[in-house]
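Note that the chains take the letters A, B and C in the order they are written out, and that residue 1 is the start of every chain.
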Amino acid sequence: MSDHGLSGKTIEILHEIRRRKPLVHHITNFVVMNSTANTTLAVGASPIMAHAHEEMEAMAAFADALNLNIGTLTPYWVDSMIVAGKAAGKRGIPIILDPVGSGATPLRTEAARRILEEVPVTVVRGNASEVMSLSTAGKEVKIRGVDSLETVDAVRSSAHAMAKELRKVIAVTGEIDFITNGEEAIEVHNGDPMFGLVTGTGCAATTVVSCFCAVEPDHLVATACALGYYGLAGEEAARASNGPGSFQTALYDALHGMSEETMMERLRIRQIATKP
Amino acid sequence: MSDHGLSGKTIEILHEIRRRKPLVHHITNFVVMNSTANTTLAVGASPIMAHAHEEMEAMAAFADALNLNIGTLTPYWVDSMIVAGKAAGKRGIPIILDPVGSGATPLRTEAARRILEEVPVTVVRGNASEVMSLSTAGKEVKIRGVDSLETVDAVRSSAHAMAKELRKVIAVTGEIDFITNGEEAIEVHNGDPMFGLVTGTGCAATTVVSCFCAVEPDHLVATACALGYYGLAGEEAARASNGPGSFQTALYDALHGMSEETMMERLRIRQIATKP
Amino acid sequence: MSDHGLSGKTIEILHEIRRRKPLVHHITNFVVMNSTANTTLAVGASPIMAHAHEEMEAMAAFADALNLNIGTLTPYWVDSMIVAGKAAGKRGIPIILDPVGSGATPLRTEAARRILEEVPVTVVRGNASEVMSLSTAGKEVKIRGVDSLETVDAVRSSAHAMAKELRKVIAVTGEIDFITNGEEAIEVHNGDPMFGLVTGTGCAATTVVSCFCAVEPDHLVATACALGYYGLAGEEAARASNGPGSFQTALYDALHGMSEETMMERLRIRQIATKP
């Protein structure tokens, strides 16, 4: 598909989200519950945040996608994710994992790996350090908080191998986002440094991926289009703001109101050649 | 009381809130803790968020109203609400329940019903689906997330019967809000579609009701005035904003700074005839 | 050090924060997790929010400061703070305590006192009521929510004695902030009444103190400079806003973008004479 095609596809998916208003069940961290719920609404979908073991299966019965995020996890919450993930898996809805801080502490790395083993996760979205921590080659990765220190090539090759082995879509976000299903790969060149000055913007990127996957069965394309659209909303917001506070505000406005013209002209979502 | 009278009454209650700065104890969900605390402050009252069983009675001893919200509940939190609710009941302060998602899962429906049985709730504020799930006639209601699918008349008649039976004020919010105590009823025509694009705006409406009930003993009138004022703040915010991000920001500004002229001219709070 | 010197020192510390991007581990309350994370980022540091007992020691191993806040505490969270605090103490990183609501309920007062006994806290930042509740002379203090009712002199003298006895920096914030280490004292005259209309601005002040202490070993000076800078950001934000919503947004912008000229001209951080 041409780049132009992926811009058009992004618009098409957004229309479908706004038509169907899919319900995205989040089991996510305390820091971003509000901002990811607002992101879901700005995109056009419906959020529900719930984590009690007693209602995980009931939620899975009417959700259109499940978004798992280990940002402020405790064992109780990991169990919530496992129960919800298994129920979501039975229904076949997409399950998107954000392994926040995986690699930073054993609790997080083990939680992310356990979820990947026990739940049929569809897409993993993380920064380079997080994704590397989940690959079998990732044990010696240096981590500092949730920042990335890896070189781009090593990370891409590791993500590609992991996607192939686990049969998932792996999205590594950073200055240029890299999305792969182990066969094909897409780069997203949209984004803005202001994202780094607002908490939870990575988590919100994963939320947008969840909204897109809720309505688009090609999850490689859905993930790439979601990240392009979110990155471009950040570019629009950065233009309209004076700092991180007004950027956050403008980001919701841009997610809600971005015109099709802007998307056709400025989305930069590119299929790239994978290793020959 | 004439409509004009209810506009004046709204202004009077707001003055009283700002004079007394009542303390509103919230046991609420993780998504809206920040936004409902800020709503409380913008209205002129003082919020306190606390849920530890060990301090529920101590909190009740100096709170002026108790706001219960089951949005991200677990059994621990429901118990917090029961303990705090009983202590608040002994002191006779108003208790306002927001049954978020009641009807959507058994855990939520049962939690809301248990609270209504064990705690002397003063006001219930929910959307049509939530309120219907609590009525004895509400068992076959179709629920989708926290949205409403019921027809207006069935809901009103059910709310009216429930209010009469339980001797509470029931507020059903939607395009037109309906507030009843089982004897009298009031409609509120203020509001804006932008509320639907920001998370927690229903929860915040309940918070405003809690602030109003903290100082006004006529809880039917207090609830209606609170919803009119909140709805009008949304209208003001929608005028001043470009999307859901700037709407949220402008909403706090409007709640804090709305002029008496605006309220006298634009509040639309109307007593209506109940069934003959 | 002259007042001018403390303005220059503030700029110097900010440069150091932005150069080193210290990681500030927060164990804080649900209401302010998002806003204090964003405050940390706007200042130029990196936040991490984590509370699971299983990862407290791992977090302490790479954090540059530990921020403890008892705002929505339960016993589990107090234990998290104790475990993390002991690990942080072994590494010698600064530990900053915000005793939110201490004095309001026994649970909070006892939690704050237990933390002070078991953890080598470096700085305590609270309002007058909270600080008084922690002093041996503070038992008969009248508390109403988290507001302050004490007279300035009694509080200062109590804070001074407590700082001397416990060998900590005690910061009492209010219209004029008072910071003492039991030997020297500093006043901060920056600030704005709008802070009182936004939730978590006290908690965020403590976060800024944590960021400053992470890079500046003189914690008396670091605390005073942090509070001056934060207060001045509030003054800047108040100028640029129409109410509490736009104030919050403008506050992040000001924390991120405040010019050195503004700081040199308008910071009002003054060393004061202590009792002869």
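What we mean here is this: contacts are C-beta pairs under 8 Å (C-beta built on N, C-alpha and C of every residue); 3 or more make two chains touch, one makes a residue touch a chain.
Fair warning: this is a prediction, and the values are worked out from it, not measured in the lab.
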Where subunit A and subunit C touch, do the two copies share over half of their residue numbers, giving same, or under half, giving different? different
Please report how far subunit A has to rotate so that its Cα atoms sit on those of subunit B, a copy of the same sequence, as a value between 0 and 180° in steps of 5. 120
Intercentroid distance (Cα basis), subunit C paired with subunit A, Å: 34
Touching two or more other chains in subunit C are residues 30, 34, 248-249
Subunit B to subunit A touching residues, read off their complex: 29-32, 34-35, 71-75, 101, 104-108, 144-147, 196-200, 241-246, 248-249
Tell me, which parts of subunit C touch subunit A in their complex? 23, 30, 33-34, 37-38, 40-42, 46-52, 54-55, 58-59, 62, 248-257
